[in-house]
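Chain naming follows the written order as A, B, C, D and E, and within any one chain the residues start at number 1.
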Amino acid sequence: MIEVRGLGKSYIGQDGGVVQALQDVDLTVADNEFLTVLGPSGCGKTTLLKAIAGLIPWNEGDIFIDGSPVRGPGPERSMVFQNFALLPWATVLENVAFGLQMRGVGKTERIERARALIETVGLGEFETKRPGELSGGMQQRVGIARALAVQPSVLLMDEPFGAVDEQTRRLLQEELLSIWEEHRLTVVFITHSMEEAVLLGDRVVLMSARPGRISEIVPVPLTRPRSSDVGALERSGKYVEITAYLWDRLRDMHEERRPAKAGR
Amino acid sequence: MIEVRGLGKSYIGQDGGVVQALQDVDLTVADNEFLTVLGPSGCGKTTLLKAIAGLIPWNEGDIFIDGSPVRGPGPERSMVFQNFALLPWATVLENVAFGLQMRGVGKTERIERARALIETVGLGEFETKRPGELSGGMQQRVGIARALAVQPSVLLMDEPFGAVDEQTRRLLQEELLSIWEEHRLTVVFITHSMEEAVLLGDRVVLMSARPGRISEIVPVPLTRPRSSDVGALERSGKYVEITAYLWDRLRDMHEERRPAKAGR
Amino acid sequence: MTTATTHRRARGAATTRTGPVEARRPCPPRRLLGANLPYQLLTFAVFAVAWEAYATVWGGLLLPTFTETVGATFQLLGTAELWQAMYVSNQALVIGFAIAVVIGVPLGIVLGRFRALERFADVYLNILLVTPMAAIIPLLMMSVGFGLASRVILVAVFSIVMVVVNSRTGVRQVDPSLIEMARSFGATERQIWTRILFPGALPAIMTGIRLGVGRAVTGMVLVELLMVSAALGGLILEYRGLFRAPMLYGTIVIIVAEALLLISLARWGEHRLTRWSKATTARSTR
Amino acid sequence: GGGVATTNPDGTRSFTVAVIEPDITTVPILAAVDDLRRAGHRVEIVELAEPELAMEGLARGDYAISAEATSPALIAIEQDAPIKIIADVIGNQWAVYGKPGISTCDDLGGRPFGIFSEGAVATAMAKDWARAQCKGGRQPEYLTIGGSNVRAQALLAGQIDATPLEVSDVVALESSGKSKFSQVVDFGKSLPDLHPQTVYANTEFLTEHREVAQEFITALVRRHAAINADAKYLVDLVAKYLPEEKPADMAKIAERYVSSGLFNAGALTEANVQGTIDFFARAGVIKPGMKAKDVADLSFIQAAK
Amino acid sequence: MSAPAAARRRLPRRRVPAGPISLLAGAIVWELIGHLAGASFFPPLSTVIGRLAGMVTSGEIFASLADSLLNLVLGFAVSLAGGLLVGVAMGRFRKVEAALGVYVYALLTAPSLVFAPIFFSLLGEGRGSIVAVVVMYAMFVMIINTASAIQSVPGHLVEMARSYGASETQILLRVMLPAAAPMIMAGVRLGVGRAVTGMINGEMFIAVVGLGRIVTQAGGRFDGAGVLAILLVIIAVALGAVALVQAVDRKITGWVPQTSRGH
């Protein structure tokens, strides 16, 4: 279980100004929950995720994982980065094994486990290729395999499918759902696509900007498993209803932020 | 009217290998038509658009604009680039005026026309800012303003909203549709989003890869103007039907291209 | 660097406009390997003829003709004296440059990693870059002596700046999210250095090494010329003192050739080690 | 343009004299140039870094007169450069100094011995001496270090055991107050016929502007005479032309030069020029067979007397 | 406050003027070593400053400094013009690059001093030779940087300009040069530093004039304080020149985001 209590975080910009990235954030993520986070650009989504990952310091509040406070990265959490963060000089296999290596897993076991995960994400043939030779979607699958290889109980994903074309994205979403359903992970998943947030999440967290706050948490009452027929799901009434609701809320936020829009 | 006849184009790669990017492409775009192009990554969409723009040479076939063959860039066409292609050192005003400057328009007139277009895309306050200080969506609007400033009759747009978050994208789509409806331009619009292709296009061109070919052209029988209520439109039966059809066709192409997908 | 550049490079610069017209020509066959050679030879020929003509017409005591120089170069290559000198000079070069690399690369990485430190060190790097070493060679000699040590130190001082500056740049270019990623998997600081910073900075480090090699050769000759007139610098002084101009420039030709050879070697190593970075970064000097 | 020197409408001449890093030995030459200037000639003085450059400029006719080591002039003349030696700058002032306890060549066997580069006078003298004197056949280990003053410092710092030095550096060495250094051999005594530093001129200048050349040599001879009459005069000249030199040492140095009679522009004779040539031929710096009359034009110093 | 421990490092810190502070530290270290070593060739900073003050008050340094600066400015101007011209040509035209590339590298690495006799032969002992040495030192690094800067101009910008019918000249002036400016300026910065070195070396090893003359003479007298005093002046000149270039750089390339500036 992830508990975020009264989290506040401000950055000091290069010009010395202070940016309040997060303020008073309270959030509880249950075990095995799939939580998606939506919000306008710059509202602090990445900041929140990195704080949970223990990658950045914060100014106020606490974060607990299963009751113990977060003081840095821990073996139970692993993160999928928005921009993949693959080592360009390492092969797919080496990239997937990287996390295991950092955790001191021996070479033989490391390779074996990495291989199994590469197989899982369907990149078996590409084991010896380098990231530069892969398409965006394939790179992202490497990142996911790397995060899964360390067998985390909490998976933190920052707009993982942002850079991927729509067709590939669908395939990846389906794969992710199957893995989550199979391994019963706790997932915090940032996205800027409403459809994605609804399709994947048990609950959708809506954040607002400046300062970054949680403005609303919307439960998604769609049945699982949803991975079997995404097309059909998207045409269902409940789905359309929720996305429409989210769309309105986000549009409101957007308008608030850009009141000076020229009057055409 | 744009006529593409038997267009073939191959690239010579860095390793000396030949990539057949386009083969036997025939396409006619009527005056004032809004044509959208969909296809898997690497199928030659950009190549086709650049050929029409007169920016790259090709190997076979001909392209005619209003009956005369394309021999290079011309004043009747202008292009919006996928990655914006803004001059990072120039202000918004200078960027929008760039095309006019290249065409020898005098300073006073240039600034006047650029100002008007900046107003049109709602960036009036940002005239003196540089691209680095703008959000992605704002940058793209600068690119669109620049393309419109030279008063083209043909607008060529290469995934113009690819890098923009979903909320901003909606706003931009609506703006584009109004401009197109007002100025009755001929538009060729590349996208990787089916929804976008259907929402905007009179017809959707589906391309397949290796070699790049037009596999199908799907007419979109939705009424215009569509810009008033996108949300409602998206829930209409016809819209859902067409996107579902396109989704199936593209998924087929995808599966064909990736037959070795691991069996989970 | 995408289409336009590639395209320009492939079709050369003669055309002023990129239109489909010219492109209608059938695709040119694969570009000849080593298409550079004719141009290099052309430049060389122009240069050689100009040299020969100038030296023949206005030649002075210290200005040999091109042909004399070529003759002397080959003659030199056959002498034991030259190879002995090469051996002595290159001792300083090899040791000095090795020291520059061994100290410079980690120093560059430290400076790149810790910005605060770098801000304090920056002014000294600038000073090292602009100080005319020739002026301080006598001081160096007086404090370290005239042996191999002083030559080694000078070669190292000459070349280390390039290595440090480029390593530092390289580290700065490493995607910070990679460091964050490594930390998220619990990497230690040492692991971050060996697994992320060093490999990530390798292309830039190699560029620095290439530039450093050039500077090292300069330093090697300079110190021999100014103070410890042993080896190649000694040969230069001797031939100059005896007004044996062809031999003088023959020696210089051999030194420049060695520098070019070392640079090519470094470039080859660079290609081998950093294949992954091809075309993904625009580096400070290709 | 227009040759080595140009004749001005009033009959005076314009030309250039090149000096190489002027020191106390060059000062009389600078004073002589000033005499010419007072006579109305326009003489430009150029300071160069290396004697080779002066040779090149003389050979090309850029400079009319220069003065430095004799051997580059001989080598240049051997290569048909239009140059002639016309006067002496300073007699053989070189001596080998060594660490205490070193008194013969044999003490130096295998020891570090500082020399200047090949072709230089001091190098040739030192090697010539070592070849003749080192009986055991064990030669010193030569370490090439440019500049007499640098070698003096190296000797002081103990990095070499012995080296040939100029008078001014010997004085500096002695006044350093450190442990005593001993003179191993005085080349001024062992090779009195050798004239390591001379004045030389472009031959075209000598034929076309004979009178000016004569004026110059005459002035130089007079200056040398005045110096020999009173060492204080040399100190004054140094203070005028080399203001940065430390005056304290200067008096001592000037005294040493004068007492050894080293300043004598007219010291050259057919015989000692030939002796100098033969020495360099023996040292392998030039080929044997060169004749004094091809190398030197002693008519100017004779006329000046 | 339960922030992860490792993160404390990133707490806000007041910006201290790093350059002056570290120069001060260096000065103190120098002073100490100078006193401890007691070697005549490495005097403490105070002695050196004293010498410098002496030179300044006696005025001897100013004429030399002016002379040297003129050499520097002339040489640098020629290098800049040549570097940009050749660099742009090499960057734009593959044939030019093929023809010159290897030679530019050769000249970049060749010890420039060995060409002194050639300059002397071509240009005499006057200002020409020294300017030539400055050019030799400064130009090639600028050529190489300019060429690779031009080559790495984003292709899409050139293509964009072309799509608006820009001529080749317009492309060069309005797109390529501005886009290449940051890297060109990095080269210019290296070039200006090397120009100072070239100036001193030219003045020490061809015609003995300007600051080079003072250094040579002080070196000849084994006046360590004198050499170091002039060296301080030279370094100050170099740092001043670099600062000037950086100021111009900031003006020209102010649009570059902070993180990617520098070389």
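Please note the rule applied: a contact is a pair of C-beta atoms (placed from the backbone, for glycine too) under 8 Å apart; a residue touches a chain by one contact, two chains touch by 3 or more.
The structure displayed is predicted, hence computed values, not measured ones.
A count of contacting C-beta pairs for C-E and for B-E identifies C-E as the more extensively joined pair. Chain centres were defined as the mean of their Cα atoms; on that basis the chain farthest from subunit A turns out to be D. Note: the chain lying farthest from subunit B is D, by mean C-alpha position. Distance between subunit B and subunit C, defined via averaged C-alpha coordinates, is recorded as 46 Å.
Between subunit A and subunit B, the centres computed from C-alpha atoms are 30 Å apart.
A separation of 41 Å divides the Cα centre of subunit C from that of subunit D.
Counting partners per residue, subunit B has 50, 54-55 as the residues that reach two or more other chains. Contact with two or more other chains is made by residues 6, 41, 117, 120-121, 154, 156, 159, 162, 204-205, 222 of subunit E.
Multi-chain contact residues of subunit D (touching two or more other chains) are listed as 50, 52, 56, 60, 153. Only residues 50, 53-55, 73-75, 77-79, 81, 83, 85, 87-90, 98-99, 101-103, 130, 132, 150 of subunit A touch subunit C when the two sit together in their complex.
Put simply, subunit A touches subunit B in their complex at residues 40-41, 119-122, 124-125, 135-136, 165-168, 170-171, 175, 178, 192-194, 231, 235, 240, 244, 247, 250-251, 254, 260-262, 264.
The touching residues of subunit E, when paired with subunit B in their complex, are 154, 156-157, 159-166, 170, 174-175, 178-179, 181, 253, 255-257. Against subunit D, in their complex, subunit E makes its touches with residues 41, 60, 116-117, 120-121, 124-125, 204-209, 213, 216-218, 220-222.
The residues of subunit C lying in touch with subunit A in their complex are 175, 177-178, 180-187, 191, 195-196, 199-200, 202, 274, 276-278, 280.
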